């Protein structure tokens, strides 16, 4: 985690700006991703996190700023170019083709073929088996990998997108709220995947709204607010509590708790108590860690 | 459910969350099954009501009529699965035939030279359509509508300028005619039966398209760009190349149909082909392709072309009042579609 | 081949030195039709000779054709030659032209209505009359069962031809509609009809290209039927010479176009009116083995 | 950002996350702006090259020609925004005119009776289309294709049976003709100028449709069912009623156009109208409606009809060679579309 | 929370079954929602939670079982009928129309009109203002309520769907993973909304993968597994720990922790330690509450 200072980062974005028509979604944002490091991007809804990773993944082009991959300035015209450089992404909207079977979605764009020349054809058996196995490893036991992916449940679909990115990510893995729709077990698996990717020397960009997911796995934290950077922190520069507070806004929670206490209903009062306890813990000492899937 | 991360393959015991389904039901649940059922019923119907329909020669005639719709429809269906339209396909057929024949005739070249130039032209028109659609983002309906009109104008105007007439000259005495006719429009008479090569080509192209769609990477991409273009782009599918390729495939089969036309009739009317683009689209839609893209099959499209061809001819074989022709055609198409639907509903409901 | 065509292409006579005038010709031609192409050639020849600027436009739809006449009125042309294939739809606008001082002549279609719209003259062949003469000829040839091939459904002139034929023909008349823009389907449909009714012994196609396709259908169906046709084109001449097509009813489209323009010119420059209040017939004229030689030379350059 | 739950309205200070945009840019960013620009450029173009085009009478002719496309196109556009097609619109025009005239004529009724029955028929066909599409889930393309063919067949066959002819009888001397003509096809001559009521109706229907789309609940629903049908259903939009209503609206305006046709020309050809359905769709698409639904405008559609009408007439006014007509038409449509696109790109980029 | 026994529940589903073709998504599931009560539906990915709520909301019809609303057996043919009975839903896929402006989406299906008869028209100003205010109250500060909703960020879109349901929910409020894409602050607001709805006497169905969201607000917990009910618990029948364990599977976490400990990398070791601590807390004593937004 400290050896990265002298190395060229896998991905470096400097002073990046992005506009959609008159809307300024991102301005003055910089980001570095080193091999074997997890960079967490945190921020409120609409802060520009997804926009940022879409630039890294080649979906969008920045309007200003520079983008380097392994030290070489690039301008990725399409996600395909990013993929060819080993940058795999899980998009927040999952980027699946609803009418296509699960296994075709899994391998879409990186199909495995057998045979040569004009006779080269899809290795369907391999792809079906791999899809089933990879999803099973994430705790998803599919009935049928030929089901159109649009008929899967939200979490199952998200697992397909993650398993696919993990399977194909060669150098950089970008995950946009991968655990949002996941069950406790599946979320745990994803966090494990991140740790293993890191151990294998991949650079990971991890977006989440859950500080308890971010802190254990993250090495570096980029906080965004309304399209602007609020600051970048290495893990040793920031405590878990500070991170949580920054993301949540401590005063917000305190207010919530008071409000609920004022309510007439006894039931509400009980909840208020519970919430107050939380606030105390947050602003006071260490909020103890929690299970990965919460 | 508590296996380690690198667990072995999942268990293959039957899943308690599935009801079982008979193999027949499975077969009938394939997307082509419904339209095939429609075709069979219409066939049986005409077989019953129209004695002249029963002969093999009638079948040969129907197959031929279907093949001239079915060949370009294969590519049109692929394009439609890929999420785009091509309204210029019908006149592109005529254009390539006109170019091939007039070029060879005017320059007194071997016909194969004209054929090659016709191919280049058809591919070029396809590529242009594709390029404009992808580059500008204008809906393909509009772009190909413009190409359709322009080609139609060019067909007329250039034929007029060159031949002084509205039809291409007769090329049956030119070099290379025999060979080219064997390739594009051969006709074998076996007994009283006339079998035409275009039917063979039709089946070949359908088989090829099916193979491409289901067994190759490009097929995967076609479904993807039609089903969810931005998702496809996001996972690295070269959307632009796929779509331009599809437009060129339409160009290719339009050219092929044009050659069939040219070598069957030795001359081409410059106004021909207008409106046929819709027959191709209709065949694809009857065959189960979604107009919105992302779903469909080549076999279904072939069945669609067959249903259309069979109905058009069948009404004549049945000798029904010609004034009512369109009415019967519409009613039978609706019937076939409803049947198709009913078959699929049944199989979905069946356990 | 090519050379023969070129040598025949100079129909132009000397050129008139009357002031340049603009004449609009508005027809119901569907795009790319052989017949109309010959009409136009006649009109162009007359225009070239008479120092006339000819503005040709066409639309098979009645109301759209009326709009084209309105375009001509708006363009302040010196004369209008128009077809009245949809007489009622056209009447209002054409009357507006003739009433507004623009001389109008009618060609091809509208034999019963041209006077009502205030036109000066009519040049054309009565479609039902043409049909009737064809019917008579078929009867005398001993045909028993005729198939009438209509390449467009809902067309007045095609229906009139077929109707006239049925009227005078002694045997049975059947009809079949084909999609004129799709030759393979024309071929199959005629073949299907021939199979359906084996007693058919004559196929009469109402357009030259379709007669040639009908020949193939006859072969496909193994039918003994002979083929006859309405209208001419270069290939038809050859077919009549070869005897594959029995005869063709020609209504001399070149003449229709030529006379329409030329008579307008005459009216504008010399006040002449042709026909004495009667329609000027340009047909029917039968082209068969006996007289085909006389037409052949002109047909090959596309003016018959 | 730390207000209580029941905070007052949000602050209205300018947002630092927005660049500013001039009012002109805002105006040009409206969906209609691009097609309007296309219309203006084509107008100026023809004004420059075609002297006869310059007069007001030419404009009146163009407006009239555009209105006969534009009136049904209004409903077709609404339907397209609602995510469906209607291929039967063109022949439904003819059907209602035929029914109205033949019924009155045969039974010697007042024309208004025929008119009313024609309306019922047109609405009925629309409702049937809508019902079949919603009930069976068959794509509207197929359903209305079948209706298209059947109506076309019925038009021809029934007219033939009743009148023995391919056209309806002349009704100009029948009861109610005068009044009906005033309503559907009045024509005023002011100076040399002939103004037709259908132009007024066209503008009225366009305005009404615009109002419905943007200012009423039904308009909201139309956008929703076309943009995301299942989402619309999920939030309580009565999808079926909306879509059937849209099909009936197409029926209504088809009937209206049919009446305009009938009372302008006093007789109707039974084969007419075929192919016009595409003109309506083309007008809507040129005007910016998405074929896939969920987006479009009535004003844009009117502009599209105007562009189409103006181009078709303009080429004639310019006196260009009729052989090249279609070519010019295609080229100018493409040009107008590209211009439209360019205008919108520019305004999007402008800050 | 105990007075509900004698009352007719707002919504009662008995022995419900749902199949999609050959797929059995739900079988033998029963559910009750009482006024002033929050029923949480918990379960793994693909367990059938969304299917269950789609039946309640009228999107799907059950293949077997009965459905009563306020004691009256019903068969809702469309979500509109549910809405008319005061049942408002936030769907997991949000059910928005991407090309339509935010405010039109907010009021879609329940448009506010002014004027009467054929002149009745949309009250656009009111709807725009209300949309802006309601979203602002959730912590979403929109640039422009005329933006097509498809261009909003994932969390912003989710907030629109929630704000809409809360605004229109009259008797029953159904929330399918409402907090999945939300920031810490917004998630807190949603929990508060649930408490307030409950206080106002609404019945709430709340689906979440986060036991720490579920436990504080829930009164009754329905656990699903592979389309079958695992059990229904009143709040006093189950502890927070038991609930968490049931959802997460304690052994799963322990295993994860051991696995990571075995890894060579020191960094991984640290994470493993942290995870182990979590496991200890989970299986041992009370996992302390955590802030609402995590």
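All chains are identified by letter, namely A, B, C, D and E, in their written order; residue positions are counted from 1 within each chain.
Just so we're on the same page, a residue touches a chain if its C-beta (ideal position, glycine included) is under 8 Å from a C-beta of that chain, and two chains touch if they have at least 3 such contacts.
What you are looking at is a predicted structure, and each value in this text was computed from that prediction instead of being measured.
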Query = If you take the chains that touch chain B and keep only those that also touch chain C, what is left?
reply = D
Message = Using the stated contact rule, I'd like to know whether C-D or A-B comes out ahead in C-beta pair count.
response = A-B
Remark   = Max Cα-centre separation from chain E goes to chain C
Task = Specify the chain most distant from chain A by Cα centroid.
result = C
Key: Euclidean distance of C-alpha centroids - chain B vs chain E, Å   = 47
Ask   = For chain A and chain E, what's the span in angstrom between their mean Cα positions?
value = 22
Task = Can you check how far apart chain C and chain E are, centre to centre, with Cα atoms defining each centre and the answer in Å?
result = 74
Query = Rounded to the nearest whole Å, what is the centre-to-centre distance of chain A and chain C, using the mean of the C-alpha atoms as each centre?
reply = 74
Note = Residue numbers in chain B touching two or more further chains are 1, 5, 17-18, 152, 156, 160, 275, 325-326
Remark   = So chain C residues touching two or more other chains come to 31, 153
Query = Multi-chain contacts in chain A: which residues touch at least two other chains?
reply = 23, 93, 139, 143-144, 185, 192, 249, 252, 259
Inquiry  = Following the definition at the start, I'd like every touching pair of chains, please.
reply    = A-B, A-D, A-E, B-C, B-D, B-E, C-D, D-E
Query = Which residues, counting only chain A, touch chain E once they are in their complex?
reply = 1, 20, 23, 43-47, 49-50, 92-93, 139-140, 143-144, 147, 151-156, 158-159, 177, 180-188, 192, 195, 198-199, 209-212, 216-217, 244, 247-249, 252-253, 256, 259-260, 263-265, 267-268, 271, 274-275, 277-279, 281-282, 287-294
Query = For the complex, which residues does chain D have touching chain A?
reply = 1-2, 4-5, 16-21, 348, 351
Note = In the complex, chain B touches chain D at residues 85, 136-139, 141-143, 145-154, 156-157, 160, 275, 282, 285-286, 290-292, 321, 323-331, 333-334, 337-338, 341
Query = Which bits of chain B are touching chain A when the two form their complex?
reply = 1, 3, 5-10, 15, 17-18, 211, 215-217, 219-221, 223-224, 227-228, 230-238, 294-295
Note = In the complex, the residues of chain A that touch chain D are 19, 21-25, 226-227, 249, 251-252, 255, 259
